[in-house]
Structures are given as C-alpha cells and as structure tokens.
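Each of the next two complexes has subunit A plus one more chain, namely subunit B in the first and subunit C in the second.
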Partner chain A sequence: MRAAAAKAAAAKAAAAKAGTAKAGTAKAAAAKAAAATLVAGLIAALVAVPLVSLARIAAEAGLTGIWRALSGPQARVAILHTVAVAAVVTVLAVTAGAALALAIERRPARTLPRLLVAGPLVIPEFVLGFAWSQAYGPAGLSDRLARLVMPGLFGPAGIIAVLTVYGLPLAYLAVTAGLAARADPALERAARAAGAGGWTALRTVTLPLLRIPLLAAAALVFVTAAGSFAVPQVLGTPAGFATMPTLVYDDLALSASPAAFTGLTVVALALVVLVLLALGPLDLWLARLRPSARPDAPPARHQSRTTGDRVVSVIVWAYATFAAGIPMLTLVLTALTRGPGLLPVPANWTLANFSAGFSGGGAALLRSAGLAFTAAILAPLLGSAVASLARGRWRGPLATLVTLAYAIPGSALAVGIIIGYGRWLDGSVTIILLAYVAKFWVFGHRPVQAALDRLPPGLTRAARLSGAGSATAVRTVVLPPLTVAMTTAAGLVFILAFHELTMSTILYGPGTETFAVVIMNQQDLGGIGATAALAVILTAPVVAVAALAAWLARRPSRSARPAPRPPARPPVPPSACGSPAAPGGGPWFP
Partner chain B sequence: MVPVTATRALRTPDAVTCAGLSVGYGRPSLAGLDLAVAPGETVALLGSSGSGKTTLLNAIAGFVTPLAGEIWLAGAVASAPGQCLPPERRRIGMVFQDHALWPHLSVLDTVAYPLRRAGASKAAARQDAQVILEQLNLGPLAQRRPGQLSGGEQQRVGLARALACQPALYLFDEPTAHLDASLRAAILEEVARRRHADGAAAIYATHDAAEALAIADRVAVLHSGCLAQLATPADVYAEPDDLTVARLTGPVSVLDAPVSPAAAGKATITIGAAQATVPCTAAPASAPASAGLAVLVRPDWARLDGGFDGSGDLPGTITEIRFRGPHTDYHVATPAGTLLIREAGPPQADCGPVRWSLLRARLMPSEHLG
Partner chain C sequence: MRIPRTLAVPFLLASAVTVAACGSAASTASTAATGSASATSPQLTLYTSVTQNTVTAVLSGFAKVDPGVKVTVFRATTGQLNARIAADQHSGGLRADVIWGTDPLSMESYAQQKLFQPWPLPNLTGVPSQDKTTYFWGTRELYLVIVAHKGLTPMPTTWAELTSPAYKGKVALPDPAAAGSAFAALGYFATAPGFGMNFYDKLKANGAVQVSTIPEVVTDVAQGRYQLGITLDSEVRAAIKEGSPVVLDWPADGAISLYSPIAETTAAKGSAGTAAQELLRYVLSTPGQTAIGKTGWQPVLPGIPGPARPAGATEVYPAWTNLFGRQTQILQQYQAIFGA
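And now, the complex of A and B:
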C-alpha cells in the first residue's frame, strides 16, 4: 500500500519534472526566437534601412537621373580616381605585405618587426595624412632641413603612399593568419625533400596555399582604400584631386540643392556597389572554404639569426621610420612649436597649442570618448548575439551581412543613415552612435565567432552531464574562454570609434562635433600648430595603450619560457575577409 | 692486408654518418651524437617524445644546421656548422608524421611533384606517378585531394611521394603515430617491402618498441638528445645497457635480490628462501660494483610453473591477471619485488600463491637505476 503510494508520488514527480523540462525547452526556444528576431531587426535597422534609403532616392531619380549623376564630369572623374587609387594601393600593399609576412613570419624574433609593420594601424588616417604633409610637404620638416619635398605628396601619389601604409598591415596580417592556418611548415619541407629549391617550394607550394588569404587581403585593402575619406581629404583636396568619398562630403557640405543631393546619393550607392562587388561573393565563398583550413599547425622550428634576418630587420626599420616614425615625430614637434615657419628647436617650444586645443575641443574629446566607449560595449554584445544565434545554414550569410556593413564606405553609410533616420535624429549624438555600431559591429562579431569556433564541441554537453543547467553551462564553460575575444573586440571598437572621422563629418550637428571633426575643422581653418596638438591628443592615448599592451604581451613569455617562444599566432578570423578583425587578434592589442 | 670491413667501407661509403652531431637552439636537443647507417640498412630511432628523434631527422634532411659535428651522406659532407647542403640536393625521401600532404594538389600531382622537380615533363611525371600509385594500390584515389582521404590513405600517399623521389635514404618520422593498429601494420608491411625492393637505407623514428624491434636491422635508442644504445633488436632487448634503454625497448621488471656468481655465464639469485642459478649477462659498470646489482627480468624470462632444473622453485603471489589475446600477463608479488610474467594463451592460473621459475636475467649495477 505504501509502496504503491510512493510509486504514484514518484510518477507524479517524474511527470512534473518532465513538464518543467518541456516548459524549459519551450522557454529556451522562445527566448532564442526572440533574440533572433532582435538581432535580425537590428541588422535591418542598422544596415538594411540605410542601404534601402540610398536605393530609394536613387530610384526616384530614375535611370536617366542615375546616368546623369554618374556621367557628370565631377562624378566621372571621382569614380575614375577612386578605382585607380584603390587598385594601385591594392597591388602595392598586397605585394609588399605578403613579401614582408613571408620574410618575417618564418624567422625568429618576429614580434618587433610585426609591431613596426602593423603600428600605423593605431594612428588615425587623418592624423597620418596630416603628419606626412607636415613632414614631407612644401614648408614641411624635410623641406626646411634639407630642401627635400616629396613630389606629388598633394595628389594621387601622396594619397597612394599613405593609403599603402594602411593597406600593408592589413595584407600582412591576412597573410600571417593564412600562413598559420594553411601553410604548415612541414608542407614546405616536404617540397624541399622532394627536390624543390627554396624559390620553387615558395612558388609551387606556399603561394598556392596562400591564394585565398591573398585574395581576401586584396579585397580588404581595396575596400579600405576605396572608402577612405580622410587621406584624400587632407592630401587630395588641396590639389583639387577628388575621390568618391570626398565628392560626397563636398556636395553635402557645400551645396544645398536637391539635385546635388540626389547626385551624391547615387555616387554613394555606386561606391557601395563597387565594394560589394569586390567583397561580397568572396566573403561568402571564403566562409564556405574555411573548414579545410588547419587551425593548429605546429610552429616552425627556429634557428639563430642569419644575414637574411638582418637585411629584413633593416628594411622593416627603414620603412617604419619613413612611413610613421618621421611623420609622427614631425607632428609632435609641430604641436610643440610656437608658430608655423619656426624651426622646431627648444627655444621655440610652447604648450600653448595644447591648451588652446583643450579649450576648444575639451567637450568634443569627452563626447568622442563617451561615444567610443558605448560603441565598445555594444558591438561585442551584438557580435556575440550574432555568433551564438547564427548556426548552421544561416551562419555564413549572417556573418557576411555584418561584414558588408563594415565594407560599406563610411560616406555612403552615413548618407543612408541621414536619409533613413535624419528626420528624427538629425545632428544628434544618437545618430552618430547608430552609425558607429553599424559600422563596427563586425569587430564585435568576428573575434567572438573565431573564439567560439575554436571551442571543442563537447564543452557544453560535458557541463550539462556534470549537472549544469543550460544557462549555467553557458556561463561557466562557454563565456570564460570568450572573455579575451570580447575584450579584444571592445578595445578595437573603442580605437576605431574614437578615431572615426568619415561618418562623423557627415552626421554631426551644432554641439555634437566629435574630436576628430574638431581637428579636421581646425585644419580647414589653417591652424597648423593647433591641429597638430589636437592630433597628438587624439593619437597618444591609443598608441600608449597599444604599446603597453604589446609590451605586457611580450614580457611574461620571456620570463616564463627561456626556450624559443612558440609564435603568438594572431587568431584567425573566420574568413580572412573579415580581417578587419585580424587586427583585433594582432599582437598589439591582446 | 687491409681488413675486410675497411675495404667495404672504402668501396661503399655509409648512407649516413653523423659524427659528434649537436643540434639545437639555446639548449641543444641533440648533443654529440655518433651514428652510421650502412647502405640498405634500416635503423630504428627509438625514444620518447622530446628525445631528439625528429631533430635528428630534420638535421639529416637538411632542415636545420648543426651547432657542432658533421653529417655525411654517401661519403660526402652534407652538414657542418655554418654549412648545409640544401634539402633538395640530398636525395632523401621523407615520410612525415602529420603526412604533410599539400592541400592544393591531387594525389596524382602530389606523387608527380618530386618527378617534376627532377626535370620530368608534366605528362611523363604523371604517368610515372600513376605507376607508383598502382604499386601501392592507390590508383583509384589519384584524382582525390588530401582532405578526401582517410588517415591511412594519406600516409600511403606520403609514402608514395617519398618513393617517387627515388632516394638513397628514407627518413620516416613516426609515420604510424596517428594511425590505428591495423593501418599501422599495413604501413609497416609496405615500408618493409619497399625497402627490400630498392635496397635504400632507412631511418625510422618511432616511440613504439614493438615497431622498432620488428622493422629495424639495428635499433638506436635515443634519450634526452644522446644515443643511449645502438645494437641489433635482439641485443637491445636482451642486453640493455641501462634501465632507461630496458624500459624503452619493452616491458621489464626490476628485482632487488642478492646475486652471487656461479659457473660460466651463470649466477645464483636468491629470492626469499629459494634460489635459482640461471644464465645471466651483466651490463658494463661505469664504477666498481660497490652499490650492488639489480636483476632485470623480461616478462618472457620467467615461467609460472616452478621446478625446472636449476631454475628454481621460487615463491610468489599472483596479484593481477590481464588477458591480452595471444598472451596473458600475470603480476606476481615476490619477496624481491613485483614481477611481470607473460605466458602464451588465455589465463591458466588464479590470483593467489604460486611457484615460478626464472629462465635468465640481466644484471645491472644499481647506480644505473637512478
């Protein structure tokens, strides 16, 4: 009798348990659906609405309107300039970046060369362009000291040179990631053992293996160069050399006619089409190819330094000194010097430029920091949401969509956002934040996705079998390994948002200037010393933090391991096209 | 009159000679290694991971330059400090641990690759590669990519690529490490057949004692970058120089028992109250045998039934029985320590007291045990 009662009670309890279990899964499914809807809605709001807005304005103009806008003399020249500059930069940066990666990554002591090559990425484009003009331009430092002026600095040659300094590290990192993931040193050794000389092994084995990373690097560099606004603005505009992004900016800033607005919208849309044609199919394709990569290739064995190492070192040092060292030093000297035309000697030093800069730009500095901080919090959260929700069939397309949001040139995205949301949010801080989150979402997504992919599959199952509920399992075994990736993502987004100029110049209103905008306006007004001081203030914190991070990353491995250190392989973004994310894994921001 | 061995050495130089070879970066991973491999000979490099097997193979293949010492290939210097014949000019075929197959090439093109590098036209190289693939029963896989092959197939393709080099020397870097037992046997079989067919020398690195003993003419036991012993498989098994070698070359038990010399080649070993007088060999002692002797016993050197003539009727207790298919392992607790005895067939005794006999032993100064 009692036994039967106990049995009944047990059955009841079991039923109740099954009921809660069912309710639990139903709840989880509902939560998942809600989260998926939220993410889809956000992607639509941040990426789709601006693009659709651009397309709507263009469609209203009709085919003839589009044709007229694109075939106008200004637009035609700008399109030609953009394509030509981006193509040349792509060739130069990918060739040099790949050569340097192959020369450096297979040798001992590669941390320093890596930092030297990648360093310029932490300098805002506008600042580097301005620094080059002060270092190598007419009345610049080299002109005054040695009567040396870089020919064509204001114009296509200078734009190409500075953009190559930015493209080179992107290519370098993509090839490095490719080397680590695809080109196991044993493969090259097998070729050598099979009778191939060093160059033949490079030609027949290593380069074919790197074809996909190289293609990805080329697409990435092309997109970055085509969408660059700051460099053509500071080096091209004085020479009357316009590209699509500067044309959009000029039209928006200088003319108020609806026809001009339609024209710039069409140009912006054309810019989008241009980069999407370069990037879209490639990214999808790469995402599909990814599983064939070998993520855990053993590191190459090292030998002592050779003459080749020293030659590579000298080249890297010379390059870094010319590309970033001298210009940035000039920038600091200019900021410290009392007036233009004076020699930067201690007698002429002053801090007046800095105090003037702070009094004019203090509020903007705080605003920029706040915006960048908020974006740095939001982007990794949204990125994790996409990474954890997009499984199976939707994974590739969703990741591509987020990547494309980055690839859309800032000018076009900003114009799209103005059309889409301007009537409510015009000139507010919120609209700038929207643009930042849309643009930099990918940097929150790619590192987290890469970290998720590296987690062994049985992780949560083992946790569940050990007694953890689904939420507890995620909290205790999935999130901890992701914290590094999320921190990396947050740091990277902060830097990019803090430096952002292209979209901010289009979106800001009275009282909502960001710090970068203040600097550009200051340069427009011709205050060279003040511009330099503000540029130093904009750059210094990030450079300092990055240098500290790089130093910290190097130090423990030295004390802990006297033996040669296994290479700190930059985490591979899911597809190298996302290599906007490669910097995230890069060695200067662990 | 010139000794026979010397004339042979003059006529056909060794396939490989390593003399005083030190390799490494910071802490040397090989220190002062001497090794000579005759033409047609197979030497197994036996050692645990980190013992320097792969480093030695990489040095012989020319991937690393030695810190000190020299490597001679077929009578010519190939490596010396600051001097390194490039790998592609060494006539070496190498089979890699992780297969090292090129993901962008088909099986056919992979095997044709060495032939192409040797100067054959594309068509001729493919034709010859197809022949090699047929020999290894890989013909149907010719158009596949490495990603579409199983582990065993990948390693056979790696073997085919090494064959296509038509080398004077094969280097095997743990080729069966990632394979399961049956594939392992198949690959070993293939390696042995190939070697007999073309008479090239081979160095076969492995951490598996059974594999090393089965495949090699001589076994070189490596321990922390030094050559611990170099002898035929039978010798390294029966007469290991020290306990490390003994453990690396197969299962062994160490008994702590009083030993007294007996008639030629024999010694009397006292275990508990009983004694056994058995054939013994002694490892060379570096110091006078002051610390006493330890008794090393292989599992097949003892039997579970006592009472053989002179071999003793020794006391013990079976504590564990492990059936392993062709044979059974018995763990016997004796007054001198735990002993592993291996008998053919399924278990034939139960746990409990047992009498056992000793057939032979290896004596070793206790200082070698440390």
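And now, the complex of A and C:
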C-alpha cells in the first residue's frame, strides 16, 4: 500500500516537474520568437527600409537603364578603382596594423604608442586627405619649408596612403584586443624553443591564432575604404581618378534630372552589392571559426626597455608625426591664417575662421553632441541585441546585413531614410538620429559580437556551479568584458556621429541643424581657412576627451606597476574590429 | 547562453527611454513650428542653395516688409538640395513653396518635372530678358572670371590665352560635374563660336589641371600651386579681402555670366502661395536687390549697385536653352578629355 502511495506521489511529482519543464520550454520559445522579431524589426527599419527605397528608384531605370548606368566607361573605371583601392588599403592597413600591434603590445610602455597609432581615427575622414594635401602637396608646408613634395600624392598612391592611415587604427585596435586574448606567448616560446625561427613562429603560431581579429579588421577596413568619398575627391580629382563614391557625388550635382538621380541610386546600390560580395563570404567564414579560449595566464612581457623597444618607439613616433602630426599642425595653421596663399606667420593670424563658425552655433553644438551621444548609446545596444540574439547559421548573414547601411554613401542613405520616414519625421532630430544609428550600427555590433564570441561558454556555467546566482554570474562574468566592448563601440560611434556631415546636411530641418551644418552653411563650403577651422573644431573636443581618458586610464597603472592582473577579471576582452580596450586599458584607447 | 535575455531587458528599457526622449523632442519641435502657423500667419518653406549671408539678409528685409509670414529655410549646396528635392518627391511630394537656386540648369530640370508654377508675377519690370524663362526668373548674376596669382606677368587678357604655351601647366579648372556654376563655363565654351570642345583639348594639351571645386581653384592659385584658374568673381574678391596674393583678371571678351533663378513651386497652395509670391516680389524689389548687392553679388535689376567691376567689363551668356537637357552629354565629352 505504502509502496503504491509512494509510487503515485512520485508519479505526481514527475508530472508536475514535466509541466514546469514544458512551461519553461514554451517560455523560452516565446522569448526566442520575441528576440527574432526584434532583430528582424531592427534590420527592417535600419537597413531594409532605406535600401528598398533606393532600389525602387533604381528600378525605375529598368534593367537596361541599370545596365547602362553600370557599364558606361566611367562607371566601369570607377568600380575597378574602388575595388583596387579598397583591396590594397585593406592589405596594407591590416598588415601594418598587425605588425605595429605585435611590436607594441608586448612591450612595457604601451599607452603612448597605442595613442599615437590610434590617433588618426579621431580625425574626420574628410579632413585627413585635405590635411595631407596641405602638408605634403605642391605649395604645401613641406614644399615651402624644404622644397619637398610627396610624389604621387594626387592620384591612387596618395589616396591609398591616406586611407591606409585612416584604416590602420581599426586594424591595430582589433589585433591589439585579439593579441591580449588570443595569441599565447607561451605557444610562441614553445615554438621558438623547438627550433622555429621568429618568422616561422609568427607564420605558424601567432598569425593563425589571430585569424579572427585579422579577418574582422579586414572587413571593416575594406568597407571604410570602398565607401570613402572625401579622400578620393580631394586627392583623386586632379588626377582624374574617380571612384564609386565620387561618381555618386558627381551624379548628385546633376541629380535635378531624374536620369542622373536614378544613376546615383544605381551606383550607390552597386557599392552595396560590392560590399555584400566581399563581406558576405567573409562573415560566413568568420561565423564558422570557433574562437578557442585561453587559460587566464598573465602574458609575458619584457619588463625593461630593450633596443628593440627603442626602435619600435622611433618607428611609431615617426609614423604618427608624418601621418597625423604634421598634417594636423598644417591644418591648425591654415585655420589660423587669414587667407589662402598667405604665410602662416603671426602677422597673418586671425580667429575669424573660428568665430564665424561659432556665431549662432552654440545650440547646434549641443544638439550635435546630444545626437552623437544618443547614437553612441543606441548603436552598441542595438548591436548587442543582434550579437546576443543571432546564433548559429544566422550569425554571418546578420553581421553582413548590419554592415550594409554603412556601405551606402551618406547622401544616398539620407535619401533612402527620407523616402522611408520623411512623411512622419521630416526635419526632426529623430530622422537624423535614425540615419546615424543606421550608418554606424556596424561599429556598435562587431566589437560586441567579438566580445561575446570571446566568452568561453563554460565560464557562466562554472560561476553558477560555484554558487553564483544567474544575476551574479552575468554581472561578474559576462558584463565586464561586454562593458569594455560596448564602451569602445560607443566611443567610436560618438566620434563618427559627431563628425557626420553629408547626411546631416540633407536631413536637417528648422531647429535641428547640427553643428557641422551651421558652420557649412555659414561658410558655404567656402575658403580653405573655414574648412580647416571646421576640421579643427570637430577634431579638438574628441582629441581632448580621448587624451583625458587615456591619461585617467594611465594614472593608476603607473603607481601600481608592476601590478598583478586583477584575478576577478575575465581573461578575455573583445577581440575584433574596433575594440581598442585591452585588459586594464581605458574605455576608448587601450 | 543565457546572457542575451538578461541583457535584452536593460537594452529594451534604455532604447525605449531614449527613443521616447527623442520622439518627444521631435514632436515639441514640430508643434513649435506648426503652432505659429495655426495662429493665422502664413507659413512658407524656402529651399535654397544661395549663400547663407545673402539668404539671411534678404529674409530679414522680407520679415520687415511682411512680418506675418513665417519662413522656414532649408539651405544646402546644389547637390544636397537636389537630393532633398528628389527624396521629397519620392515621399509624399515636394515640401518647398519657393526654390531659389544657383544656376538655371537644375531649375530647368525641375520646371520640366512640373515642380514649378508658371512665373506668377509677369508684370514686374527690370529683369533682363536673358534671365527669364516661363517658370523662373533670375535674381542675381554670378560671373566666371580668371583668377591669377599676384605678380604673374604677362597676364592673360582673353579666355583663349589660357591655352598659350606661356601658361603651360599653370592653369586650374573647376570640376564641372561638382557644381552648376562650374558647369556654366563648360556649357559656354562647348557651345560658343570659336571655342567648342576643342578649347578643352587645347587646355589639356597645355597641361591644365582639373581640381574639385570653385573655391579650391582660388586656394590653389593663391598658394601658388597653379598660376591661373577659372572661378567665380565673388570668391576672388573674398580672397583679396583676406589679403591673399591673387588678382581678379576680367577677360576682355567677357566674363561668363550665369543667373541665380527663383521660382514658386506647385506645392505652394493657398496662403503659402500668396506668401511665396510676396517673397518673389520682395527679392526682385529695390530693397531685396540692394540686400543681394550688399552681400557681394551683382543684382539683376539695372542701377542697383553690386560689387565693383573693372571699367569696360563685359559679360557673355551661355546659350542656356541649348544646354537644357544636354548636361550629361556635354559632361561626358569633357570627361573624355579630362577624366582618367
């Protein structure tokens, strides 16, 4: 009897348990469906709406029209130039970025070299080419001082050089984070001890371990280089060197005619297709590579300065001075000088270029900062939404999809956004914000995706088994590296949104002018001094904040060195594109 | 992994809060804008590519004459203005009541797309006939001239002399694809007797270089990168005022003149239409034209002072009606010479 009662009770308990499990599964399925809906909605709102809007216009041309727009001699040459420039820049920037990261990251004094290499990232892209032309071009600073003109600056070589300088920090930061997490110095030492030369160890041990951050960096650098407009415009026009973004710009000037406008959308979409072809397979491949976790061992680093350190220091200083220092100095001098062609000596100095920009720009400056800040919060959040919800076979394609809006030239994306949302949001800050988030979403997604990938799945489980509640496990294990990645992403998005010019000038409305719009309107894209002043005004606050962040990050570590790594810290910082933060590093720069 | 759902909660909260904040900011802005409109004052939207100081000067004068009209301005470069107009047309229709452009070519495209009312004030007097079409009239003249580096001798006296061996490798041209005003030079030479595309062949053979924008021509010449260039007179005057080592060289055969047209759009209805016509009338009135002259442009109305011109200066006019619709074709011929 008792046995039967116990049996019945056990059966009852089992049934109850099964019921709970069933409810749990249903709950999980519902959550999964909600998550999928959220991601699909985001992709639809930020990528599909503008792209489909543009595609509908392009479709007005019909297949023959599209073919004609892309097969003309000009378009063919522009496509070829774009692919070639983007490919060469990707190889150069990733190689140089990785080399610098390998050289710098295992040495004692890293903060300053990191800052120097990553520095060009805070200079707006539209400024860099212009600054180089003023520094190294004919009648530029080096020409005046030393009769030195950089050969080939106006043409493909110059474009590639400047875009490499702009893309290098993306690669550098990705590899830096990857190095901190992936490349195990012990493995390299083992290889060397087993008789492998330095080159063999690099080729067979270090680089394969860095495969994921290298590929991720390559993806972002490629899209950035292919989509660059300002650099080819300034340096390519005198050489008659057109790319797809400059072609879009030319079409824009003629786009009062519907045919030219259709041509514009066709070329802009062709650029998207190009990126899709390049990135789609890469992202699929990246999604299949499984990162392997490394035990939490302190990386071996030289503790004293060696000759090698000094050589690296000299190289980094020389590079930073040449790539960003002299051009930015030239820019400041140009902004301070009354008119073009005058010597940048105190007798010719003026603040007129700055005061013109600031008159009436105060509210706009606040608005720009607010917009950039909001975009900097939203993009990483939306990025982490996709990163954390996208699993399995959807991971690669979703990563590519998130990147597509970044690949659309700003002017075309703005048109797509107006067509999609203009009826309701025309001229509002929301439509500008929408454009910023769509454009820079990729910078909020990829670093966070990389950070999540780096989390060994066993880690949370281990925390739970050790008695931590799920909240504690998330707080102590998941959030720290994710916070670093999200802060990094936020920093990048803030810089890019604060510098954004093209979309804002098309999207703004009464009372929603951004700072760049106000200055551009007042100075009418005019004199060189005005442009330089705008560049300085847009760059200086970001440099100041970055320098402050770096200084704050450096201060405690100086007093604590050689400090052991904090034991509670998870071993794995974000490992891919644009995640500058390494363990113990500051939020923006390592 | 369990992280995602845990993260999704704060993420959703934060984004909802931020979006809500943005939304409310936007709606406040739009109520502010429409609020005054509902208070019986007509509302007018102006799209323009005219320089900001000129727009500001003209509109502040207009506000004194017509204080009841609330004018909303969208100002951008010609290319960005084109993008905005095209986007408007694909999303519910043009949102401007008046368009005030920089050159007649874009304006003619819009006229052909039936975006403009026929010119509503035919009885206004004084505007030269070459600055009038059925749909839009000119408001100011822009002159394409030669800019020279200070001290260059001998100075060219005509356009044709830019192809002389004395200036080999010393001439900068603005990219005609980048702006309508730069295209005016190409449009003039392509169709003018004695020039034609052959003029560009000769320029290219003489080492002339195409740079990107009209202001860049002045910068490059001032810096000595080139000695001569084709650019707008206003840009040269601004650089001279700043002390730059450039001089304005007005060709003896005439500066190339282009006019900056204004038109009422078909979107202007009711009180907005009336207000649009009031603005057009003001721009072509003596006070409006004076404001234009004071901001560095030549007014279209005779007798109203603009910037100083050399004695005996003449101008020539591109054959606009011949150029309408042929922009792309002419550009392609040009790019075959100056492209890659």
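The working rule: the second predicted complex is superposed on the first by the 356 of 590 C-alpha atoms of A that agree within 3 Å, B and C clash if a C-alpha of one lies under 4 Å from a C-alpha of the other, contacts with A are read in each partner's own complex, and residues count from 1 in each chain.
Quick note on the criterion: a residue touches a chain if its C-beta (ideal position, glycine included) is under 8 Å from a C-beta of that chain, and two chains touch if they have at least 3 such contacts.
Since we're looking at a predicted model, the values are computed, not measured.
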Subunit B versus subunit C as contact partner of A:Val345, first or second or both or neither: neither
Touching partner for A:Ala190 - first (subunit B), second (subunit C), both, neither: first
Subunit B versus subunit C as contact partner of A:Ala146, first or second or both or neither: neither
First (subunit B), second (subunit C), both or neither touched by A:Asp426: second
Partner with the higher number of touched subunit A residues, subunit C or subunit B: C
Subunit B versus subunit C as contact partner of A:Gly511, first or second or both or neither: second
Which superposed partner A:Leu63 touches (first subunit B, second subunit C, both, neither): neither
Subunit A positions touched by subunit B in one structure and by subunit C in the second: none
Touching residues (chain side subunit B, partner subunit A) in the complex: 25-27, 58, 61-65, 86-88, 90, 92-94, 96, 98, 100-104, 113-114, 117-118, 147, 158, 161-162, 164-165, 171
Residues of subunit C touching subunit A in the complex: 1-8, 11-12, 14-15, 18-19, 21-23, 25-26, 29-30, 32-33, 51-53, 72-80, 82-88, 90-92, 95, 105-107, 109-110, 113, 149, 175, 177-180, 183, 209-213, 215-216, 218-225, 235, 238-239, 241-246, 325, 327-328, 331-332, 335, 338-340
List of subunit A residues in touch with subunit C within their complex: 31, 35, 38, 53, 56-57, 74, 77, 81, 137-140, 233-234, 237-242, 249-250, 252-261, 338-342, 348, 374, 377-378, 381-382, 384-385, 388-389, 411, 414-415, 418-420, 422-423, 425-430, 433, 452, 455, 457, 460, 470-471, 474, 478, 482, 502, 505-506, 508-512, 521-522, 524-529
Subunit B partner contacts - residues on subunit A that touch it in the complex: 182, 184, 186-187, 189-198, 200, 204-205, 208-209, 211, 292, 298, 301-304, 562-564
